[in-house]
Structures are given as structure tokens and as C-alpha cells.
């Protein structure tokens, strides 16, 4: 279980300190798929990095399976928002995907199978031997996704992983994430700007306020375990949730910092 | 007028040559707003860079106002897909926005007015003195947009400029682009993955095939000059166009390379 | 080969098929022209400027060139020439010293660049030694290392170390933080981080340092042969200088320069593979061709 | 606004626990001083101990205490300070010439592909020519004053800077470069706003390399040519067999090297606050 | 000796207003040049109308070109180097002797030293050993070769290596070289730390061997002979004075060296004389020819004033 308690993060570099996260507490059960939405600059990436153990919290705790997270924990994979810069430019696409597997100690044969499957799944089977800088933005992003998928993590953190791909590919990748999640029982935290996507994918959607971030609402998504791009998105419950979350984000952007203050057009 | 004729682009670097654009011809009239959509890796960025004079075409011509484009033409602004790397990390946000204006020779007072307005417009009035690497992804992207907007160009090329911002901000920025376009009579070429966005913004939507790219269809968008996020998106014509373009992109992704081959669920 | 390739229409392939051989043939000619163009101009200028030089320390170039062959390549047998007797031993020491500098410089550089406390601890001491002139250092080294090859190799190695070390440190420090985070997130082991992140990531800068070090190694080869030496290219040059054999001395300077050009060519070929990605990356976005 | 200078304390956030302050900048700056001093002290101790172990004869490598005593005597003579001044003058002048020439030529050559290719072989030829081989020429052309030594200094350190700048200019991010091109920055503006900041980390390394080489050549030139300065005192001490006194001067040279490095680091902290190498260390 | 001018009256006409003619002399910070320091101190040069500046340099690499280019009017160098330069066509002229061997074996300012247990008891034993000299193919190795040959050893079997005099005591003590040809004050340092003399190569080569000399350039001689004459005169006076006042000569060392007082008092000073003997130059030229330093005979007279 991923347990976030009274998390606070202040960036104290050059210039005035910036409080990115004011106070966040929530839990993600094992094998749960939680989406995070919030206005731009809210602190979603900051949160994700704290979860990943890449950024030390200023105060508060993050714990994974009872262990406090001080560095990247075992069995975790991350897709960073800066997908382009997260690929190693001196390696081919296939090598990039393979590298974490090597570090994990996966055997050679198994490695190449995993790499092949992952690249296939994101539609890049034919560019394995290209370098990342020879790919389009969306393709680079898909390489980063393939890398995380091939890793077969127990915890998967993704930061706007589909921002640079076309709508059709996006749908396919969404289904890929759901398949992965179901197949491996991965715990997934998924940051996105696309509210439809958040609802389609998640079992819960965390709506964050603007900076300094607090949790505006933890929205439960009751759309069943089996989802389908056409059907699910057409469901009335989907539409309701979507309007709700959309309005929440809108209010968050306007500076609303608690659900009580939010002026929604409907009953929460 | 922007005139693209028999454009062909082959990347011949390391490894096998990659033909990104097979053969593209189209025109954009002065003061027109054209959106470009197509599957990931189609060649949209390549096209935009050729239009911008940043990339030499392998064959074919690009002409702006009758002049062949050999380098970046006068009065043009570009928002690149790799927004993060297009900002200079050694300058503050305000300096980044101001720099092209300085180069253009805009007087100091005017400059700071333009910078202030542009940052205000993208919702970043309060981070002018921060550095780009202190901003979130979406904020960085908005800085790049502000830089282009402050420049008051005659031709504006944007490559997935809203990919990293939240839905609400996206709507605001869309309206900003339309306001800019109307106010200044700018010629705009706008690459996006969001089909709704393409239709909402554009007067025409160019749908590209997968690589090597040809023009699948030049879709005219008859939604009037005045558009409104709620009304326009609710219009039946919008829904029709959206389905049409969506299906086209889907077909493009499957490898369809001409409108005649596309299997659409409705009459084109 | 790949599916993407198969779909590429004939036009593109034809275009590249004819473009590639033509470019390489012309490319070779061009790079040769580039390589010899400026040197020829400079030599001509030198020739003209010294054509009727009376100054004993600045003899006509013709005279220098005339002494070049006899000085370095005359002897009873080839094995007896100065080239074999002096230049080759020097070259040997140079290469050994340089290799040590590379290993040490990169190794220490990665350590110091990656471990901040270590950098803070070591930097003042290293800077202290870095500033001490080799002519003062060598006698001290002789106390410990004697006057043989090991001392000379040590001088070359320690002198050539600095550019590699500094550049490696800076290269490692300047790694893209996103890449560092990626490696951390996937829990690359210590060695994995070094081998797969730091070394390749810093490689453009490491290669720059190694290039610098190459010429410094040559210079230190000369300096090391100013002390307790019996043979060597540097020794010969210093001997010529001391015995006022000026044209011979100049021919030695030219020999050093040629050695530099030769080594840097070898260096470039050797590093081409290491930096292929970097040049490809830079080129791919500058014009795409 | 606070500049990125080490030692500026960030206002602590209201609810900061101890852990936060521990990551603040001042303790780090303190640590650097503390560790650096520790390193130097360790070195001094080693140098004190080695001669008394019989590994070397203390007559030839005197223990630290003796060297420091000689140094203490030295610094009381006005002659020492004049020599130090001379050395500093030659060094700084030579380094300034090298850096300015190296940067200007490096940027010009680096930005023009034709020049880069055309000069490559010549640069490779000239770089390995040792300055010391040029002493007779330097003396012939410039005499035995500061100028001759300057020639050696500039010749040796110029290449250090040039090669670094060339590499730095090449390292410009293609996306940033495209941005500058698309906004039609003039050549000068591109140099000022794009090429220079990118090359700056390389220039700093070049500066640090060049500074040490320039110092070495200044002292060597003074020793061999007899230009006034620390090197000349060093030569006299050496020829006289005054070993501790000689090492005292060597120590002075080394300390100058440390001083440059401190200066370069401070400069770097100021000029490169935005660079991952520096900002990575100040941000939380 | 061609000094015709009587001392006392300012001679050189360069400055008629009674001012002094500035003259720069390149010297080496070693014992050998004590007389000129003494002469300057005693005012001999001022008396001749010269304002002498003594410039210290480490060796011929800087001094010879400086004299040739006219930046220095005079310089100090060992004789063999002058012969080498002259043979290479440098326009050099000797103006006065510099210093001579004392001529006494056992009490000279130069010797070959070795450790007592090195098995080297005499010059002949040097064959097959490594011997440090400050410069190869110069006065040191030629005279050592000569004494080895004279002692019945095989001079061609001696292996010479180059090393600065200051570094030799340490090198001998640590066994990095078997023996070293070494000059004062380093000779005394070496002896004090346990090395023993095995040959006195200067004294044994010739009791009157001329080691070094003051020189100028041909241009200087032809363009300003008065200054050369005045300089020579003052220098001869200095040399004579130095030879007659050994204590003062020893004392003047403090003004330009840092020799340890204990060493300074113990060491042997070279002999100084005003007599320039062409035969001594010829001797070194012949030795150089014999031991392969020169390919052909050197015209010694070209060097002579």
C-alpha cells in the first residue's frame, strides 16, 4: 500500500522558496489504479516525484508497503513528464527499453522478449534500432512507456504519459495500461490533464487544488472493472463524473482550496 | 500566402534514410488559421519545421508571400514541440519572452508592456522572475506560447502547444490563439493531436496520413468566425466534423494513404 | 529491412543510393583539402618570411626542412636512426603515460564528480598539485621513482591527468537531471550508473578533455626528458637547443607537431564510435540531413 | 533578490523541521570549507611524516614544519612580495590574453563550419609544441623581460581555452538553437544569448585548466629565462641548494593554484547558477 | 688581454655628459660569477663608466639568444657552450675569462662523487657506470671522459645522464646514479651527506683549465668597442680583486644566492684570473673533437677578442 501522510514540499532553491505541496494525505491500495488531475502547476509532478523517492519531502511521510520511501523503491517504474529527456540519447530505442531490465538482472532471452513485446504494444516494433532523437515526440513518449511496461513493475507512476500522442494511439495506450494493470496487478498512479482519460482509466481520481496543493476531492469512479472506449465513455455515469471533475478542476484553477468552497452546478 | 508544393523530406542521417514526408502540397491564405492533425510520427513536426525554414526540404518548395523559404522568414514565430528545451535556462521567464522582442528592435517600454500582457494572458504574470527550470511542464509550455504571442508575428507556427496544460487552461489558451489570430490577422498553422481542438480552432483541418506523409484530406470547418467553447463544441456540425476527422486519423494510422481508400462510417 | 523501410517509396531510396557514394568520394577529397589547406598557406608564409633570414635562431624554412630528413631518418640502418632510437621510445612512454592518465582521470573524475563530499575534500589538494610546475616536481619525483622510465611516465600521466579529470568532473556534474532521475528511478546499481549514465553522458566532455590531454602529454614528454634522460624526442630537441643546432631544433619542433597531428587523427578515429551518437544527435537536428 | 551565492540563507518555511535546514545552503558551504581544509591538513601531515620515516632523506624533501618555517622567513622579505607581484602580473596578463583570444577565436571558429574544418589540422599541429622549446625564440624576439615569459604563457594556455570553447560552442542545444534561428536572432545576439551561455561551463573548465598552465609557465619562464618573479627566486634557491626555501616557494605556487580554483568556483557559482551542475546542488 | 685603457678615467663616449653607459649582463646564480658581483659592489664598473645590471637566468637557453639579439650586452657561459655556439655560426666573442679550476686534485670546486660502497674507487672504475652530468655533450662529460681515459678506463663505457646539479646529491645517495659530476655548492652538500670524491675531472684535465668565460656578440664588438673595452677592463680588475680577496668573494655570494652558511664556509671556490689563454680554449675544443662533440675542428680564434 502506498501511504502519503501530511506531505509538504517546499522548493528552496534560487529566489523565494516555493511551496508546491501544502498538505496532502491519501492512500493507494495495492493493485489500485489512481489518477491525479489538477490545474497546470498544481504540484502533480512534485507529488509523483516524492512518491517515486526522487525528491525528498520537506515534511510528512511517504510509505510504500509500510516502508518509508527515501529513495526509489524496489519494483517501481516511472514515466517522467519530460519523456524526451528521460531517454538515453546514446542508446537505441531497444537498448533504452532493455537497460532497466539489465539492471534488474533479467536474463538475456527474457529481456529481448520483453523488449520486443513492449515495443510492439506501443506500436514501435520497427524502430528498435533507431536512436531516440530520430523519433517524433509522440514516439519518444511511447518509448518511455514501453520501457516502464517492459520492466513489469509492482508500482507504476506515470506523469502525463500520453500528452504527445494522437487520440487514436492514446486510446490504445490507455487500454494497454489497463491491461497491464489487470494482468500484473500493478499499483498505478497516473497523472493526466485529460479528465476523460482520468475517469476512463482510474478507479479513483484525486483532484488537486492549485499550488500550494491540497487534496480537493478523492473521487471514486464506479464504472466497473471492464471498460471499453466506446461503451464506458458513453455511459451516463461517465458523463456525470466528467462534468463533476471538470468543474472541480475549473474551481481549483480559480483558487478554491476545499470542496466546501467549490461552487458546482450539481450535487457532488 | 504560404504555398507548399510537392514537399518531400527524407532524413538521411545515421542508419537507413527515413522518408518523413512523401509528397505534400497545400496553401494557406494570409490570415487563415489551419490546423494539422495526423497519427503520431506522421511528419507533422517535420512539416512545421520545413514551413519555418528550420529544415531544408529534400525536394519541393515552400514559399511565403511568393518568396521561397530558405531560412526562418521575417515576422514569423514558432512554438516548438520540445517547449522545455526551447527556453533558455540562463534567463528568467520574462527575459525569455522579451528576448525576441529585443532582437526585433522593439523599444524598451513597449517591450515590457508586451511581455507583461503575454505572461498575463497565459496566466503566468507572477513567475516572470523565475527561471524556466523552476516551472512545471505546463508552465514552461505557456512561457513558450507567451513568447510567440508577445512577438506579434504575421505567421505563427505552433506544434502541439497545449499538450502539457490542463483542460481548463487549454480552453483559455485556445481562445487566446483565436483572439490573437483575429486581432492581428495572423496566419496560423497549428499542429495538434486533439481533434476537438483542431476543429474548434481551425478554419481548415489538414489530415495527414502516416509516414511517409501525404495529405489525406483538407477538411473545411464551417463553424463561423465567432466560436465559443460551449456552443461551438455543442453544435451538430462540430460533432459531425469530429467523427469524420477522428475516423480519418484512425484510418491514417492503419496505413490508409488516400481518401478513396478510407473506410468511413458516413459519407465524407 | 524493417517494415518502415519497405513502405518507403523508390524515390527516396534512389535519391540516397546515389547521394551516398558521391558524398563519400567528394568527402574524402574535401577533408584532405581542409587538412592540408591552412598548413600549406602557413608554411608558405613561413618560407617567405624566413627566406633570407640571417638570424641564427630563426633560420630559413628551407634549411629546417633540409635538415629534417637527415636529422631523424639517417643512420646506418633504419634501426639506427634517431627516429627509432629517440622518437619511438618517447612515443612508447607517451602512450603508456597517456593511458594511465585516461584511466585515472576518468575514474577519479567520475568519483569526484558524483560524490560531492569527496570533491570538496580532494579539490584543494588536487588544485595545489596542479599548479606546481613540472620542472620543480620532477626532482621530487626522482626521489621516489628514480630516473628511469617510470618517472617519465609518471610525469606524463600526472600532467595529462588534469584536463581529463576536470572535464570528467564537469561532465558528470552537468548531466541532465532528468536522465539522472531516470537512472535512479530504475535503481541502476552504482556500477550501472557509472557505466550506463555517467560515462556515456559525460563522454562529449571526457573526449574534449582527452583531446586536451593528448597535446599536454606530448609537452610533458619533452619536459620529462629534460631530466636525467639519455634518449627521446624531447631529449633530442633540448640537446639541439643547448648546442645551438637551431635548424635541427626546429626540425624537432616540427616532428612534435607532426606527432600531434598523427595522434590526434588516431584519436579522432578511435573516438568516432564513442561519440557517434552525439554527432548524430547534433546533426540530426541541424538540418536533418 | 538574492543571487546564487553560496552562503545566502533561505528563509525557512514556517513549519520547517530540522531536516530542511540541514539541506540549506550554508551548511553545505561550511562543509566545503571544512572538508577542503581537512584535505589540505591531511596532505601536510603526510608530507611531515614521509621524510621522517626514512623513505626519503629530509635534506632533499624537508618535512612540512621546516618548509613552513622557511616560508615564514620568506614572507618577511620585501623581495618576496615584489616577486609575488611580478609573478601575479605576468600570470594574470598572460591568462587574460589567452582567455580573451581563446574565447573570441573559439566562438568564431566554432560557429563557422568552414573555419572549424580548415583550422583543425593546424590547431592539432601547434598545440603539442612545448613552450619550453620556444624559449630561445621568445628571448630573441621579446628579450628576457616579462614579454618573453608572456609569450610562453600565452602560447601554452591559449590552446587550453580554445579547445574547451570549441567543444562548448558545438554543444549548443539544437532546439534552443532552432528557437534562436526561428526568431531570426542576429549572429551577435546568438553568440551573446545562446552560444556564450552554453559554452560557459566549458569556458570555466578552460579557464581553470588555462590558469594552472599559465601559472606553471609563468614560474617556469621565470626560472629558465630569468624574468623577475617567484620562479626566479625559486631558481636561485635551487641552484644554491637551499631546499626548504625552495619548497616554500613551491608551496606558494601551489597556494596560488588553490586560490584560482576558489575564485573560479565562486565565479562559476555566480555565472552558472542555472546550469544543472550548480543548480542541482543548491536546490532541495 | 687587450685592455689599453687606464682605469680611473671614464672612457666610453656614449654618454658625454658624464652619465654612465647602461650595460646588462646575463649571469647564472652560481658561485662562478662572484667576481662580477664583487666588481659591481666595489665600483670597478662605475669607474669605467658602466652602469651594470646583472640579470639572473638559468642557463644558455636564455642568455645566448639575449646576447645575440643585443638585449644583453654581455653574458656568462661555460667555454664548451661558447665553442658549440661559435661552431654553429653564432657571432660570439669572449671578452674575459670566467673561472678556472684550482688545479689541485682533492681541493677543486668540481668533482665526480660516488657513495663509499659503490665500488668506485677511481676514475677508471667509472667505466660501465651511470654518471650524472648537468648537460650532456658539454664540458662535464668531456672532461670526465678524459680523466677516465687517462686513468686507463674505457671512457666510451661510461653512461652519462642529465640531471640538474641541485638534484645530484639526492640521486647519488639514493643510488639512482652510480656517480655524479658535481659543482659547488652542491659538491659540499654531497660530501656532507656521505658521498666521496672519486675524480677531480677539471683539475686532472689540466691544472689551468678554463671553465667559463664572459662573452659578447660580434655586433657589440664592432658597434661599440669602447664599451666592450671598458667592460673587459673592469672585469679583469674584478677577477684579479676576487682572486686576491677570497673572503670578500665568499661573502658576496650572500647577495645573490641562498647558500647555507655552513656549506658556504666549507666549499672550495674556483680560481679567478684576468689572463685569457687561448690555449685553454683550444684544449677544450680538441677534447670536444676527440669525444665526438664536434664533427670538425672548431676555429677557436673566431671566439677570441
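When the chains are written out, they are named A, B, C, D and E in that same order, and each has its own residue count from 1.
The rule is simple: a contact is a pair of C-beta atoms (placed from the backbone, for glycine too) under 8 Å apart; a residue touches a chain by one contact, two chains touch by 3 or more.
Here's who's who by UniProt: A, B = ABC transporter ATP-binding protein; C = ABC transporter permease; D = ABC transporter permease subunit.
Bear in mind the structure is a predicted one, so any value in this text is a computation, not a measurement.
Asks: Using the touch definition from the top, list the chains contacting both chain B and chain C (ABC transporter permease).
Replies: The common neighbours are A, D.
Asks: Measuring centre to centre with C-alpha atoms, which chain is farthest from chain B?
Replies: Looking at centroid distances, E is the chain farthest away.
Asks: Looking at every pair of chains, which has the largest contact count?
Replies: C-D
Asks: How much rotation, in degrees rounded to the nearest 5, is required to superimpose chain A onto chain B on the basis of Cα coordinates?
Replies: Rounded to the nearest 5 degrees, it is 180.
Asks: Which chain has its C-alpha centre farthest away from the C-alpha centre of chain A?
Replies: Ranked by distance of C-alpha centres from chain A, the top chain is E.
Asks: If you average the CA atoms of chain A and of chain E, how far apart do the two points sit, in angstrom?
Replies: A distance of 84 Å separates the two centres.
Asks: Where the CA atoms of chain B average out and where those of chain D average out, how many Å apart are those spots?
Replies: 48
Asks: Suppose each chain is reduced to the average of its Cα coordinates; what separation in Å results between chain C (ABC transporter permease) and chain E?
Replies: From the centre of chain C (ABC transporter permease) to the centre of chain E is 41 Å.
Asks: Return the residues of chain E touching two or more other chains; collapse runs of consecutive numbers into ranges.
Replies: 59, 61, 64-65, 68, 164, 166, 170, 174
Asks: Would you give the residues of chain D that are in contact with at least 2 other chains, written as numbers and ranges?
Replies: Touching at least two other chains: 1, 56-57, 60, 135-137, 140, 175, 178, 223-224, 238, 275, 279.
Asks: Could you check chain B for residues that touch two or more other chains and list them?
Replies: 11, 13-14, 18, 49, 82, 85, 129, 131
Asks: If we count contacts the way the header does, which residues on chain C (ABC transporter permease) are in touch with chain A in the complex?
Replies: Against chain A, the touching part of chain C (ABC transporter permease) is residues 2-4, 176, 178-179, 181-182, 184-189, 192, 196-197, 200-201, 203, 277-278, 280-281, 284-285.
Asks: Which of the residues in chain E come into contact with chain D in the complex?
Replies: These residues of chain E touch chain D: 26, 28-30, 55-59, 61-62, 64-66, 68-69, 71-72, 164-166, 169-170, 173-174, 185-186, 189, 193, 256-260, 263.
Asks: Taking the complex as given, what residues does chain C (ABC transporter permease) use to touch chain D?
Replies: Its residues touching chain D are 31, 34-39, 42, 55, 57-58, 116-117, 120-125, 127-136, 140, 143-144, 162-163, 166-167, 170, 173-177, 204-205, 208, 211-212, 214-215, 218-219, 222-223, 226, 234, 237-238, 241, 246, 249, 252-253, 256-261, 263-265, 281-282, 284-286.
Asks: Which residues, counting only chain E, touch chain C (ABC transporter permease) once they are in their complex?
Replies: Counting only chain E, the residues touching chain C (ABC transporter permease) are 59-61, 64-65, 68, 81, 84-85, 88-91, 132, 135-138, 159-164, 166-167, 170-171, 174, 176-177.
Asks: Any idea which chain D residues touch chain E in the complex?
Replies: That would be residues 56-57, 59-60, 135-137, 139-141, 143-144, 148, 223-226, 232, 235-242, 245 of chain D.
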